[in-house]
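Shared between the two complexes below is chain A, which pairs with chain B and chain C, respectively.
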Partner chain A sequence: MSRQASGLMAWLIQRATAVYLAFFLVYVLIHFTLNAPADHAALSAWATRPWVALGLMLFVPVLLAHAWVGIRDVLIDYVHALGARIGLMLLFGFVFIASGLWALKAIITAGLGG
Partner chain B sequence: MRISVYRFNPDTDTKPRMQDYEVKTFQGMMLRDALLEVKKQDESFSFRHSCGEGVCGSDGVNANGTNVLACITPISELKTPIQVRPLPGRPVIRDLVVDMTQFYEQYRAVKPYLVRKDPLPEQEIPQSPADRDKLDGLYECILCGCCSTACPSFWWNPDKFHGPAALLQSWRFLADSRDQATEERLDALEGPYKLFRCHSIMNCVEVCPKGLNPTRAIGHIKELMLDKGL
Partner chain C sequence: MQTSRPVFLEPWRIKLPLPGVVSILHRVSGILLVLSIPFSAYLFHQALSGPEGFAATAALLGSWPVELALLLLLWSLLHHLLAGIRHLALDMGFGLDRPIARKTARITLIAVPVLLILTLALGGLTA
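Our next item is the complex of A and B:
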(Lines of atoms letter the chains of each structure in order from A and count residues from 1; the text may use other names and numbers.)
(Lines give C-alpha, C1' and ligand atoms only; values in the text may rest on other atoms or scores of the structure.)
Protein backbone atom coordinates (compact mmCIF):
# COMPACT_ATOMS: atom_id res chain seq x y z
CA MET A 1 0.00 0.00 0.00
CA SER A 2 1.86 3.06 -1.18
CA ARG A 3 1.12 6.57 -0.03
CA GLN A 4 4.31 7.92 -1.55
CA ALA A 5 2.47 9.67 -4.34
CA SER A 6 2.05 13.32 -5.07
CA GLY A 7 -0.16 14.31 -2.14
CA LEU A 8 1.39 13.30 1.16
CA MET A 9 4.97 13.33 -0.11
CA ALA A 10 4.74 16.84 -1.57
CA TRP A 11 3.20 18.10 1.66
CA LEU A 12 5.89 16.42 3.75
CA ILE A 13 8.69 17.84 1.57
CA GLN A 14 7.21 21.30 1.89
CA ARG A 15 7.02 21.07 5.69
CA ALA A 16 10.45 19.47 6.14
CA THR A 17 12.25 21.93 3.85
CA ALA A 18 10.48 24.80 5.62
CA VAL A 19 12.17 23.80 8.89
CA TYR A 20 15.66 23.95 7.35
CA LEU A 21 14.89 27.20 5.52
CA ALA A 22 13.61 28.79 8.73
CA PHE A 23 16.76 27.90 10.70
CA PHE A 24 19.19 28.82 7.94
CA LEU A 25 17.49 32.12 7.13
CA VAL A 26 17.44 33.10 10.80
CA TYR A 27 21.19 32.37 10.97
CA VAL A 28 21.85 34.41 7.80
CA LEU A 29 19.69 37.27 9.04
CA ILE A 30 21.43 37.40 12.43
CA HIS A 31 24.86 37.13 10.81
CA PHE A 32 24.16 39.91 8.32
CA THR A 33 22.68 42.12 11.06
CA LEU A 34 25.48 41.75 13.58
CA ASN A 35 28.45 41.10 11.33
CA ALA A 36 27.63 42.24 7.82
CA PRO A 37 30.50 41.65 5.37
CA ALA A 38 32.09 44.97 4.39
CA ASP A 39 32.95 44.09 0.80
CA HIS A 40 32.91 41.32 -1.77
CA ALA A 41 36.09 39.75 -0.42
CA ALA A 42 34.58 39.51 3.07
CA LEU A 43 31.39 38.01 1.65
CA SER A 44 33.44 35.47 -0.30
CA ALA A 45 35.47 34.61 2.79
CA TRP A 46 32.25 34.06 4.75
CA ALA A 47 30.65 31.94 2.04
CA THR A 48 33.70 29.71 1.70
CA ARG A 49 33.95 28.79 5.37
CA PRO A 50 33.37 25.02 5.27
CA TRP A 51 30.22 25.00 7.43
CA VAL A 52 28.71 28.02 5.70
CA ALA A 53 29.51 26.57 2.25
CA LEU A 54 27.91 23.29 3.26
CA GLY A 55 24.88 25.14 4.61
CA LEU A 56 24.58 27.13 1.38
CA MET A 57 25.02 24.05 -0.82
CA LEU A 58 22.20 22.38 1.11
CA PHE A 59 20.14 25.57 1.09
CA VAL A 60 19.92 25.68 -2.72
CA PRO A 61 18.23 22.32 -3.40
CA VAL A 62 16.10 22.62 -0.24
CA LEU A 63 14.88 26.07 -1.29
CA LEU A 64 14.15 24.84 -4.82
CA ALA A 65 12.25 21.78 -3.58
CA HIS A 66 10.18 24.05 -1.31
CA ALA A 67 9.57 26.50 -4.12
CA TRP A 68 8.65 23.71 -6.52
CA VAL A 69 5.93 22.33 -4.22
CA GLY A 70 4.67 25.88 -3.69
CA ILE A 71 4.55 26.84 -7.36
CA ARG A 72 2.98 23.47 -8.21
CA ASP A 73 0.26 24.20 -5.64
CA VAL A 74 -0.35 27.63 -7.18
CA LEU A 75 -0.57 26.16 -10.68
CA ILE A 76 -2.89 23.33 -9.60
CA ASP A 77 -5.13 25.85 -7.85
CA TYR A 78 -5.33 28.53 -10.50
CA VAL A 79 -4.29 27.18 -13.92
CA HIS A 80 -6.84 24.62 -15.03
CA ALA A 81 -6.10 24.40 -18.76
CA LEU A 82 -3.84 21.37 -19.07
CA GLY A 83 -1.61 22.78 -21.82
CA ALA A 84 -1.01 26.05 -19.99
CA ARG A 85 -0.34 24.23 -16.72
CA ILE A 86 2.19 21.83 -18.23
CA GLY A 87 3.84 24.70 -20.12
CA LEU A 88 4.18 26.79 -16.95
CA MET A 89 5.38 23.80 -14.92
CA LEU A 90 8.09 23.12 -17.51
CA LEU A 91 9.05 26.79 -17.57
CA PHE A 92 9.32 27.01 -13.77
CA GLY A 93 11.08 23.65 -13.65
CA PHE A 94 13.76 24.78 -16.09
CA VAL A 95 14.16 28.17 -14.41
CA PHE A 96 14.49 26.47 -11.00
CA ILE A 97 17.07 23.94 -12.23
CA ALA A 98 19.05 26.66 -14.03
CA SER A 99 19.00 28.93 -10.94
CA GLY A 100 20.04 26.02 -8.75
CA LEU A 101 22.96 25.07 -10.97
CA TRP A 102 24.04 28.70 -11.25
CA ALA A 103 23.90 29.17 -7.46
CA LEU A 104 25.88 25.98 -6.84
CA LYS A 105 28.44 27.06 -9.41
CA ALA A 106 28.79 30.42 -7.63
CA ILE A 107 29.37 28.73 -4.27
CA ILE A 108 31.91 26.29 -5.72
CA THR A 109 33.71 29.01 -7.68
CA ALA A 110 33.97 31.13 -4.54
CA GLY A 111 35.35 28.08 -2.71
CA LEU A 112 37.99 27.60 -5.39
CA GLY A 113 38.99 31.24 -5.00
CA GLY A 114 37.58 32.28 -8.36
CA MET B 1 -33.69 49.00 8.96
CA ARG B 2 -32.38 48.83 5.43
CA ILE B 3 -31.43 45.44 4.00
CA SER B 4 -29.92 44.90 0.59
CA VAL B 5 -30.40 41.47 -0.97
CA TYR B 6 -28.96 39.79 -4.04
CA ARG B 7 -31.54 39.24 -6.75
CA PHE B 8 -31.15 37.05 -9.78
CA ASN B 9 -33.71 35.17 -11.82
CA PRO B 10 -31.99 33.29 -14.65
CA ASP B 11 -35.26 33.19 -16.64
CA THR B 12 -35.63 36.95 -16.87
CA ASP B 13 -32.38 38.62 -15.77
CA THR B 14 -29.17 38.88 -17.72
CA LYS B 15 -27.14 39.82 -14.67
CA PRO B 16 -27.64 39.91 -10.91
CA ARG B 17 -28.49 43.08 -8.96
CA MET B 18 -28.78 44.18 -5.33
CA GLN B 19 -32.24 45.27 -4.22
CA ASP B 20 -32.93 47.35 -1.09
CA TYR B 21 -35.84 46.80 1.31
CA GLU B 22 -36.94 48.57 4.50
CA VAL B 23 -37.90 46.14 7.26
CA LYS B 24 -39.24 46.77 10.75
CA THR B 25 -37.01 45.32 13.43
CA PHE B 26 -37.89 43.81 16.80
CA GLN B 27 -35.85 42.73 19.77
CA GLY B 28 -34.05 39.43 19.19
CA MET B 29 -34.64 39.61 15.44
CA MET B 30 -32.52 37.20 13.46
CA LEU B 31 -31.38 37.63 9.87
CA ARG B 32 -33.85 34.93 8.82
CA ASP B 33 -36.69 37.02 10.27
CA ALA B 34 -35.51 39.97 8.19
CA LEU B 35 -35.41 37.79 5.05
CA LEU B 36 -38.94 36.54 5.82
CA GLU B 37 -40.00 40.18 6.12
CA VAL B 38 -38.50 40.88 2.69
CA LYS B 39 -40.36 37.84 1.36
CA LYS B 40 -43.59 39.29 2.76
CA GLN B 41 -43.00 42.55 0.89
CA ASP B 42 -41.84 40.86 -2.32
CA GLU B 43 -43.09 37.36 -3.04
CA SER B 44 -40.71 36.93 -5.94
CA PHE B 45 -37.75 36.81 -3.53
CA SER B 46 -36.40 33.29 -2.85
CA PHE B 47 -34.26 31.81 -0.10
CA ARG B 48 -33.99 28.46 1.63
CA HIS B 49 -34.91 28.02 5.29
CA SER B 50 -36.62 25.47 7.45
CA CYS B 51 -36.15 24.82 11.17
CA GLY B 52 -35.27 28.36 12.19
CA GLU B 53 -33.01 27.28 15.04
CA GLY B 54 -29.65 26.31 13.54
CA VAL B 55 -30.33 22.60 13.23
CA CYS B 56 -31.31 21.92 9.62
CA GLY B 57 -28.57 23.95 7.96
CA SER B 58 -30.78 25.24 5.16
CA ASP B 59 -30.33 28.99 5.42
CA GLY B 60 -26.60 29.46 4.92
CA VAL B 61 -26.12 32.89 3.30
CA ASN B 62 -23.37 35.44 2.94
CA ALA B 63 -24.10 38.46 5.13
CA ASN B 64 -21.78 41.46 4.84
CA GLY B 65 -19.14 39.21 3.29
CA THR B 66 -19.22 36.41 5.86
CA ASN B 67 -21.01 33.09 5.55
CA VAL B 68 -23.59 32.68 8.32
CA LEU B 69 -26.69 30.71 9.20
CA ALA B 70 -29.39 33.35 8.89
CA CYS B 71 -31.61 31.84 11.60
CA ILE B 72 -29.02 32.15 14.39
CA THR B 73 -27.44 35.44 13.33
CA PRO B 74 -28.92 38.38 15.26
CA ILE B 75 -29.28 41.44 13.05
CA SER B 76 -27.91 43.51 15.93
CA GLU B 77 -24.52 41.92 15.20
CA LEU B 78 -24.56 43.04 11.57
CA LYS B 79 -23.59 46.45 10.24
CA THR B 80 -26.43 48.15 8.38
CA PRO B 81 -27.38 48.27 5.59
CA ILE B 82 -27.01 44.48 5.70
CA GLN B 83 -25.80 43.09 2.39
CA VAL B 84 -27.10 39.55 1.88
CA ARG B 85 -25.68 37.46 -0.94
CA PRO B 86 -25.81 33.74 -1.80
CA LEU B 87 -23.05 31.43 -0.55
CA PRO B 88 -20.00 32.29 -2.69
CA GLY B 89 -18.60 30.10 -5.44
CA ARG B 90 -21.81 28.14 -6.07
CA PRO B 91 -23.98 28.49 -9.16
CA VAL B 92 -27.04 30.61 -8.34
CA ILE B 93 -30.39 28.96 -9.06
CA ARG B 94 -32.36 32.01 -8.01
CA ASP B 95 -31.73 34.91 -5.57
CA LEU B 96 -30.13 33.33 -2.45
CA VAL B 97 -30.79 29.76 -3.57
CA VAL B 98 -27.61 28.06 -4.80
CA ASP B 99 -26.82 24.70 -6.37
CA MET B 100 -25.09 22.58 -3.70
CA THR B 101 -24.76 19.44 -5.86
CA GLN B 102 -20.95 19.42 -5.88
CA PHE B 103 -20.88 19.95 -2.12
CA TYR B 104 -23.07 16.87 -1.58
CA GLU B 105 -21.07 14.86 -4.12
CA GLN B 106 -17.89 15.57 -2.17
CA TYR B 107 -19.68 14.57 1.04
CA ARG B 108 -20.83 11.31 -0.56
CA ALA B 109 -17.30 10.61 -1.80
CA VAL B 110 -15.87 10.27 1.72
CA LYS B 111 -18.28 7.42 2.56
CA PRO B 112 -19.87 9.17 5.54
CA TYR B 113 -21.03 5.99 7.25
CA LEU B 114 -19.51 3.19 9.34
CA VAL B 115 -17.83 0.46 7.32
CA ARG B 116 -17.63 -2.90 9.10
CA LYS B 117 -15.77 -5.95 7.86
CA ASP B 118 -16.55 -8.15 10.87
CA PRO B 119 -20.02 -9.64 10.87
CA LEU B 120 -22.44 -7.21 12.43
CA PRO B 121 -23.38 -8.10 16.01
CA GLU B 122 -26.98 -8.83 16.97
CA GLN B 123 -27.20 -5.58 18.88
CA GLU B 124 -25.17 -2.37 18.99
CA ILE B 125 -21.38 -2.12 18.48
CA PRO B 126 -19.97 -1.12 21.88
CA GLN B 127 -17.64 1.87 22.23
CA SER B 128 -15.76 3.10 25.29
CA PRO B 129 -16.60 6.58 26.62
CA ALA B 130 -13.05 7.69 25.74
CA ASP B 131 -13.48 6.56 22.12
CA ARG B 132 -16.89 8.21 21.99
CA ASP B 133 -15.31 11.48 23.16
CA LYS B 134 -13.08 11.47 20.05
CA LEU B 135 -16.19 12.17 17.96
CA ASP B 136 -17.01 15.38 19.80
CA GLY B 137 -16.51 18.39 17.55
CA LEU B 138 -17.02 16.17 14.49
CA TYR B 139 -20.50 14.67 14.58
CA GLU B 140 -22.20 18.03 15.21
CA CYS B 141 -21.82 19.18 11.58
CA ILE B 142 -25.18 20.04 10.00
CA LEU B 143 -23.86 20.30 6.42
CA CYS B 144 -24.99 23.90 5.98
CA GLY B 145 -22.07 24.44 3.59
CA CYS B 146 -20.87 27.72 5.16
CA CYS B 147 -17.32 26.32 5.50
CA SER B 148 -16.79 24.78 2.06
CA THR B 149 -18.26 27.77 0.26
CA ALA B 150 -15.91 30.07 2.22
CA CYS B 151 -12.88 28.00 1.22
CA PRO B 152 -10.81 29.42 -1.68
CA SER B 153 -9.44 25.95 -2.46
CA PHE B 154 -13.03 24.72 -2.85
CA TRP B 155 -13.84 27.72 -5.06
CA TRP B 156 -11.00 26.82 -7.45
CA ASN B 157 -11.46 23.03 -7.48
CA PRO B 158 -14.98 22.14 -6.27
CA ASP B 159 -15.03 19.08 -8.52
CA LYS B 160 -11.81 17.59 -7.15
CA PHE B 161 -11.13 18.97 -3.65
CA HIS B 162 -13.38 17.42 -1.00
CA GLY B 163 -13.65 20.69 0.94
CA PRO B 164 -13.72 21.23 4.71
CA ALA B 165 -17.21 19.84 5.41
CA ALA B 166 -16.55 16.51 3.68
CA LEU B 167 -13.06 16.22 5.17
CA LEU B 168 -14.40 16.86 8.68
CA GLN B 169 -16.75 13.93 8.09
CA SER B 170 -13.93 11.87 6.65
CA TRP B 171 -12.04 12.33 9.94
CA ARG B 172 -15.23 11.70 11.92
CA PHE B 173 -15.27 8.15 10.53
CA LEU B 174 -11.49 7.65 10.59
CA ALA B 175 -11.59 8.61 14.27
CA ASP B 176 -14.46 6.25 15.04
CA SER B 177 -13.27 3.13 16.89
CA ARG B 178 -16.10 1.13 15.31
CA ASP B 179 -15.05 1.85 11.72
CA GLN B 180 -12.88 -0.75 9.96
CA ALA B 181 -11.99 0.93 6.69
CA THR B 182 -9.10 3.18 7.77
CA GLU B 183 -6.69 2.01 5.06
CA GLU B 184 -9.25 2.32 2.29
CA ARG B 185 -10.32 5.75 3.48
CA LEU B 186 -6.72 7.01 3.58
CA ASP B 187 -5.92 5.50 0.18
CA ALA B 188 -8.96 7.23 -1.29
CA LEU B 189 -7.65 10.60 -0.06
CA GLU B 190 -4.23 10.32 -1.76
CA GLY B 191 -3.18 12.53 -4.64
CA PRO B 192 -2.79 16.27 -4.80
CA TYR B 193 -6.51 17.14 -4.87
CA LYS B 194 -8.98 15.51 -2.50
CA LEU B 195 -7.22 16.36 0.77
CA PHE B 196 -4.06 18.22 -0.10
CA ARG B 197 -5.67 21.28 -1.72
CA CYS B 198 -6.20 22.45 1.87
CA HIS B 199 -3.67 25.21 2.55
CA SER B 200 -4.84 25.84 6.13
CA ILE B 201 -6.46 29.16 5.20
CA MET B 202 -8.94 28.48 8.02
CA ASN B 203 -11.90 30.41 6.61
CA CYS B 204 -13.86 27.25 7.45
CA VAL B 205 -13.02 27.55 11.15
CA GLU B 206 -13.90 31.22 11.17
CA VAL B 207 -17.37 30.81 9.67
CA CYS B 208 -18.59 27.47 11.09
CA PRO B 209 -21.88 28.31 12.87
CA LYS B 210 -21.38 25.26 15.07
CA GLY B 211 -17.88 26.29 16.14
CA LEU B 212 -16.27 23.21 14.59
CA ASN B 213 -12.69 23.05 13.34
CA PRO B 214 -12.28 21.33 9.95
CA THR B 215 -8.65 22.50 9.67
CA ARG B 216 -7.75 20.56 12.81
CA ALA B 217 -9.57 17.50 11.46
CA ILE B 218 -7.62 17.77 8.20
CA GLY B 219 -4.39 17.99 10.24
CA HIS B 220 -5.38 14.79 12.06
CA ILE B 221 -5.95 13.03 8.72
CA LYS B 222 -2.47 14.08 7.53
CA GLU B 223 -0.93 12.86 10.80
CA LEU B 224 -2.68 9.51 10.44
CA MET B 225 -1.47 9.25 6.84
CA LEU B 226 2.10 9.87 8.01
CA ASP B 227 1.68 7.38 10.78
CA LYS B 228 0.39 4.67 8.45
CA GLY B 229 2.45 5.61 5.40
CA LEU B 230 6.00 6.13 6.65
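Our next item is the complex of A and C:
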Protein backbone atom coordinates (compact mmCIF):
# COMPACT_ATOMS: atom_id res chain seq x y z
CA MET A 1 0.00 0.00 0.00
CA SER A 2 1.32 3.42 -0.88
CA ARG A 3 2.36 5.62 2.02
CA GLN A 4 0.13 8.42 0.72
CA ALA A 5 -3.06 6.45 1.31
CA SER A 6 -2.26 4.62 4.51
CA GLY A 7 -2.77 5.22 8.18
CA LEU A 8 -2.86 8.79 9.41
CA MET A 9 -2.83 10.32 5.92
CA ALA A 10 -5.86 8.27 4.83
CA TRP A 11 -7.64 9.22 8.06
CA LEU A 12 -6.92 12.90 7.38
CA ILE A 13 -7.97 12.71 3.70
CA GLN A 14 -11.22 11.03 4.75
CA ARG A 15 -12.10 13.90 7.12
CA ALA A 16 -10.92 16.79 4.94
CA THR A 17 -12.84 15.53 1.89
CA ALA A 18 -15.90 14.84 4.09
CA VAL A 19 -16.16 18.56 4.95
CA TYR A 20 -16.25 19.65 1.29
CA LEU A 21 -18.64 16.82 0.33
CA ALA A 22 -21.01 17.73 3.16
CA PHE A 23 -21.31 21.38 2.09
CA PHE A 24 -21.47 20.71 -1.65
CA LEU A 25 -23.95 17.82 -1.40
CA VAL A 26 -26.27 19.78 0.89
CA TYR A 27 -26.25 22.58 -1.71
CA VAL A 28 -26.93 20.12 -4.59
CA LEU A 29 -29.63 18.32 -2.59
CA ILE A 30 -31.43 21.58 -1.75
CA HIS A 31 -31.11 22.83 -5.34
CA PHE A 32 -32.49 19.62 -6.86
CA THR A 33 -35.24 19.37 -4.25
CA LEU A 34 -36.58 22.91 -4.59
CA ASN A 35 -35.52 23.81 -8.11
CA ALA A 36 -34.99 20.61 -10.11
CA PRO A 37 -34.07 21.34 -13.75
CA ALA A 38 -37.10 20.54 -15.94
CA ASP A 39 -35.25 20.12 -19.23
CA HIS A 40 -31.79 19.84 -20.75
CA ALA A 41 -31.43 23.62 -21.17
CA ALA A 42 -32.09 24.20 -17.45
CA LEU A 43 -29.66 21.46 -16.37
CA SER A 44 -26.98 22.73 -18.75
CA ALA A 45 -27.48 26.35 -17.65
CA TRP A 46 -27.03 25.25 -14.02
CA ALA A 47 -23.98 23.03 -14.65
CA THR A 48 -22.19 25.69 -16.71
CA ARG A 49 -22.53 28.49 -14.16
CA PRO A 50 -18.85 29.16 -13.29
CA TRP A 51 -19.14 28.47 -9.55
CA VAL A 52 -21.24 25.36 -10.10
CA ALA A 53 -18.89 24.04 -12.82
CA LEU A 54 -15.89 24.64 -10.55
CA GLY A 55 -17.71 23.06 -7.61
CA LEU A 56 -18.59 20.01 -9.71
CA MET A 57 -15.07 19.61 -11.10
CA LEU A 58 -13.67 19.80 -7.56
CA PHE A 59 -16.39 17.43 -6.33
CA VAL A 60 -15.26 14.61 -8.67
CA PRO A 61 -11.72 14.01 -7.33
CA VAL A 62 -12.73 14.88 -3.74
CA LEU A 63 -15.59 12.35 -3.82
CA LEU A 64 -13.39 9.67 -5.38
CA ALA A 65 -10.65 10.18 -2.77
CA HIS A 66 -13.27 9.87 -0.01
CA ALA A 67 -14.85 6.81 -1.63
CA TRP A 68 -11.45 5.20 -2.16
CA VAL A 69 -10.36 5.48 1.47
CA GLY A 70 -13.78 4.21 2.58
CA ILE A 71 -14.01 1.20 0.27
CA ARG A 72 -10.36 0.36 1.00
CA ASP A 73 -11.16 0.22 4.73
CA VAL A 74 -14.17 -1.99 4.03
CA LEU A 75 -12.14 -4.39 1.86
CA ILE A 76 -9.34 -4.58 4.43
CA ASP A 77 -11.91 -5.37 7.16
CA TYR A 78 -13.99 -7.98 5.36
CA VAL A 79 -12.02 -9.49 2.43
CA HIS A 80 -9.16 -11.42 3.98
CA ALA A 81 -8.02 -13.44 0.94
CA LEU A 82 -5.23 -11.27 -0.43
CA GLY A 83 -5.87 -12.05 -4.10
CA ALA A 84 -9.59 -11.22 -3.87
CA ARG A 85 -8.84 -8.05 -1.88
CA ILE A 86 -6.31 -6.76 -4.41
CA GLY A 87 -8.58 -7.77 -7.31
CA LEU A 88 -11.52 -5.85 -5.84
CA MET A 89 -9.30 -2.83 -5.06
CA LEU A 90 -8.16 -2.77 -8.69
CA LEU A 91 -11.76 -3.12 -9.90
CA PHE A 92 -13.00 -0.26 -7.70
CA GLY A 93 -9.96 1.83 -8.63
CA PHE A 94 -10.55 1.47 -12.37
CA VAL A 95 -14.32 2.01 -12.04
CA PHE A 96 -13.69 5.14 -9.94
CA ILE A 97 -11.20 6.61 -12.43
CA ALA A 98 -13.46 5.81 -15.41
CA SER A 99 -16.50 7.34 -13.64
CA GLY A 100 -14.52 10.43 -12.68
CA LEU A 101 -13.20 11.01 -16.20
CA TRP A 102 -16.67 10.48 -17.69
CA ALA A 103 -18.25 12.99 -15.28
CA LEU A 104 -15.48 15.55 -15.95
CA LYS A 105 -15.99 15.08 -19.70
CA ALA A 106 -19.71 15.85 -19.22
CA ILE A 107 -18.97 19.06 -17.28
CA ILE A 108 -16.30 20.25 -19.75
CA THR A 109 -18.35 19.46 -22.88
CA ALA A 110 -21.36 21.25 -21.42
CA GLY A 111 -19.10 24.25 -20.71
CA LEU A 112 -17.91 24.27 -24.32
CA GLY A 113 -21.54 24.37 -25.45
CA GLY A 114 -21.70 20.80 -26.79
CA MET B 1 -0.80 -15.96 29.38
CA GLN B 2 -3.99 -16.98 27.67
CA THR B 3 -3.33 -17.68 23.99
CA SER B 4 -6.88 -18.41 22.77
CA ARG B 5 -9.21 -15.60 23.74
CA PRO B 6 -12.89 -16.39 24.32
CA VAL B 7 -14.90 -15.56 21.21
CA PHE B 8 -18.58 -14.64 21.26
CA LEU B 9 -19.78 -13.91 17.78
CA GLU B 10 -23.43 -14.83 17.54
CA PRO B 11 -24.89 -11.88 15.63
CA TRP B 12 -28.47 -12.63 16.75
CA ARG B 13 -27.56 -12.63 20.43
CA ILE B 14 -25.35 -9.53 20.43
CA LYS B 15 -27.31 -6.42 21.33
CA LEU B 16 -25.71 -3.59 19.41
CA PRO B 17 -25.98 -0.25 21.26
CA LEU B 18 -27.44 2.71 19.33
CA PRO B 19 -24.06 4.30 18.50
CA GLY B 20 -23.09 0.90 17.04
CA VAL B 21 -26.25 0.88 14.91
CA VAL B 22 -25.43 4.37 13.59
CA SER B 23 -21.87 3.26 12.89
CA ILE B 24 -22.72 0.07 10.97
CA LEU B 25 -25.40 1.91 8.96
CA HIS B 26 -22.79 4.58 8.15
CA ARG B 27 -20.70 1.81 6.63
CA VAL B 28 -23.62 0.14 4.81
CA SER B 29 -24.77 3.50 3.37
CA GLY B 30 -21.20 4.28 2.31
CA ILE B 31 -20.98 0.99 0.38
CA LEU B 32 -24.33 1.66 -1.34
CA LEU B 33 -23.16 5.17 -2.31
CA VAL B 34 -19.89 3.77 -3.69
CA LEU B 35 -21.82 1.24 -5.80
CA SER B 36 -23.92 4.10 -7.23
CA ILE B 37 -20.85 6.03 -8.49
CA PRO B 38 -20.53 4.48 -12.00
CA PHE B 39 -24.30 4.68 -12.62
CA SER B 40 -24.45 8.28 -11.39
CA ALA B 41 -21.53 9.31 -13.61
CA TYR B 42 -23.11 7.59 -16.62
CA LEU B 43 -26.55 9.17 -16.06
CA PHE B 44 -25.06 12.62 -15.31
CA HIS B 45 -23.18 12.46 -18.61
CA GLN B 46 -26.28 11.25 -20.47
CA ALA B 47 -28.54 13.94 -18.99
CA LEU B 48 -26.04 16.68 -19.93
CA SER B 49 -25.38 15.31 -23.43
CA GLY B 50 -28.49 16.85 -25.04
CA PRO B 51 -32.30 17.05 -24.97
CA GLU B 52 -32.66 13.38 -26.05
CA GLY B 53 -30.22 12.25 -23.37
CA PHE B 54 -32.04 14.32 -20.74
CA ALA B 55 -35.40 12.80 -21.75
CA ALA B 56 -33.98 9.27 -21.65
CA THR B 57 -32.45 9.90 -18.20
CA ALA B 58 -35.67 11.44 -16.85
CA ALA B 59 -37.70 8.48 -18.16
CA LEU B 60 -35.30 5.99 -16.57
CA LEU B 61 -35.29 7.82 -13.21
CA GLY B 62 -39.10 7.88 -13.28
CA SER B 63 -39.53 4.09 -13.55
CA TRP B 64 -40.47 2.49 -10.25
CA PRO B 65 -37.54 0.06 -9.74
CA VAL B 66 -35.15 2.96 -10.27
CA GLU B 67 -37.23 5.17 -7.96
CA LEU B 68 -36.86 2.48 -5.30
CA ALA B 69 -33.08 2.52 -5.80
CA LEU B 70 -33.12 6.34 -5.64
CA LEU B 71 -35.05 6.19 -2.36
CA LEU B 72 -32.42 3.82 -0.95
CA LEU B 73 -29.63 6.12 -2.17
CA LEU B 74 -31.32 9.22 -0.73
CA TRP B 75 -31.57 7.44 2.62
CA SER B 76 -27.90 6.40 2.27
CA LEU B 77 -26.83 9.96 1.52
CA LEU B 78 -28.77 11.45 4.46
CA HIS B 79 -27.63 8.79 6.93
CA HIS B 80 -24.01 8.98 5.73
CA LEU B 81 -24.11 12.78 6.01
CA LEU B 82 -25.62 12.99 9.51
CA ALA B 83 -23.67 10.04 10.92
CA GLY B 84 -20.54 11.51 9.29
CA ILE B 85 -21.07 14.89 10.98
CA ARG B 86 -21.58 13.04 14.28
CA HIS B 87 -18.35 11.09 13.77
CA LEU B 88 -16.44 14.27 12.91
CA ALA B 89 -17.69 15.79 16.16
CA LEU B 90 -16.58 12.67 18.05
CA ASP B 91 -13.14 12.92 16.39
CA MET B 92 -12.84 16.45 17.73
CA GLY B 93 -13.79 15.28 21.19
CA PHE B 94 -17.42 16.43 21.30
CA GLY B 95 -20.12 14.11 22.59
CA LEU B 96 -17.83 11.31 23.71
CA ASP B 97 -19.56 10.72 27.08
CA ARG B 98 -21.74 7.66 26.83
CA PRO B 99 -25.14 9.26 27.63
CA ILE B 100 -24.51 12.07 25.11
CA ALA B 101 -23.19 9.61 22.50
CA ARG B 102 -26.39 7.59 22.90
CA LYS B 103 -28.52 10.71 22.63
CA THR B 104 -26.80 11.96 19.43
CA ALA B 105 -27.09 8.43 17.96
CA ARG B 106 -30.82 8.47 18.70
CA ILE B 107 -31.15 11.98 17.21
CA THR B 108 -29.36 10.77 14.03
CA LEU B 109 -31.63 7.75 13.67
CA ILE B 110 -34.73 9.94 14.05
CA ALA B 111 -33.51 12.89 11.95
CA VAL B 112 -32.64 10.77 8.88
CA PRO B 113 -36.20 9.51 8.17
CA VAL B 114 -37.59 12.96 9.03
CA LEU B 115 -35.27 14.63 6.49
CA LEU B 116 -36.03 11.85 4.00
CA ILE B 117 -39.77 12.50 4.21
CA LEU B 118 -39.19 16.28 4.13
CA THR B 119 -37.09 15.96 0.94
CA LEU B 120 -39.71 13.76 -0.71
CA ALA B 121 -42.53 16.11 0.32
CA LEU B 122 -40.72 19.19 -1.01
CA GLY B 123 -39.30 17.83 -4.22
CA GLY B 124 -40.32 14.26 -4.89
CA LEU B 125 -37.73 11.76 -6.05
CA THR B 126 -37.44 12.95 -9.62
CA ALA B 127 -38.01 16.18 -11.49
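Just so it is clear, the second predicted complex is superposed on the first by the 109 of 114 C-alpha atoms of A that agree within 3 Å, B and C clash if a C-alpha of one lies under 4 Å from a C-alpha of the other, contacts with A are read in each partner's own complex, and residues count from 1 in each chain.
The rule is short, and it goes like this: contacts are C-beta pairs under 8 Å (C-beta built on N, C-alpha and C of every residue); 3 or more make two chains touch, one makes a residue touch a chain.
Worth saying up front: this structure is predicted, and the values here are computed from it rather than measured.
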Query: Is A:29 contacted by the first partner chain B, the second partner chain C, both or neither?
result: second
Task: Examine A:55 and indicate which partner it touches, taking first as chain B and second as chain C; both and neither are also allowed.
output: neither
Message: A:7 in the overlay: touching chain B, chain C, both, or neither? Say first, second, both or neither.
response: first
Task: Answer with first, second, both or neither: which of chain B and chain C does A:93 touch in the superposed model?
output: neither
- prompt: Which of the two, chain B or chain C, is in touch with more residues of chain A?
  reply: C
Field: Touching partner for A:44 - first (chain B), second (chain C), both, neither
entry: second
Message: So in the complex, the part of chain B that touches chain A is made up of which residues?
response: 152-153, 156-157, 183, 186-187, 189-197, 199, 222, 225-226, 228-229
- prompt: For chain A, which residues are in contact with chain C within the complex?
  reply: 15, 18-19, 22, 25-26, 29, 32-34, 36-41, 43-44, 47, 63-64, 67, 70-71, 74, 92, 95-96, 98-100, 102-103, 105-107, 109-110
- request: Enumerate the contact residues on chain C facing chain A in the complex.
  value: 27, 30-31, 33-34, 37-38, 40-42, 44-45, 47-51, 53-55, 77, 81, 84-85, 88, 91, 119, 122-123, 126-127
Query: What does chain A use to touch chain B in their complex?
result: 1, 3-8, 10-12, 72-73, 76-78, 80
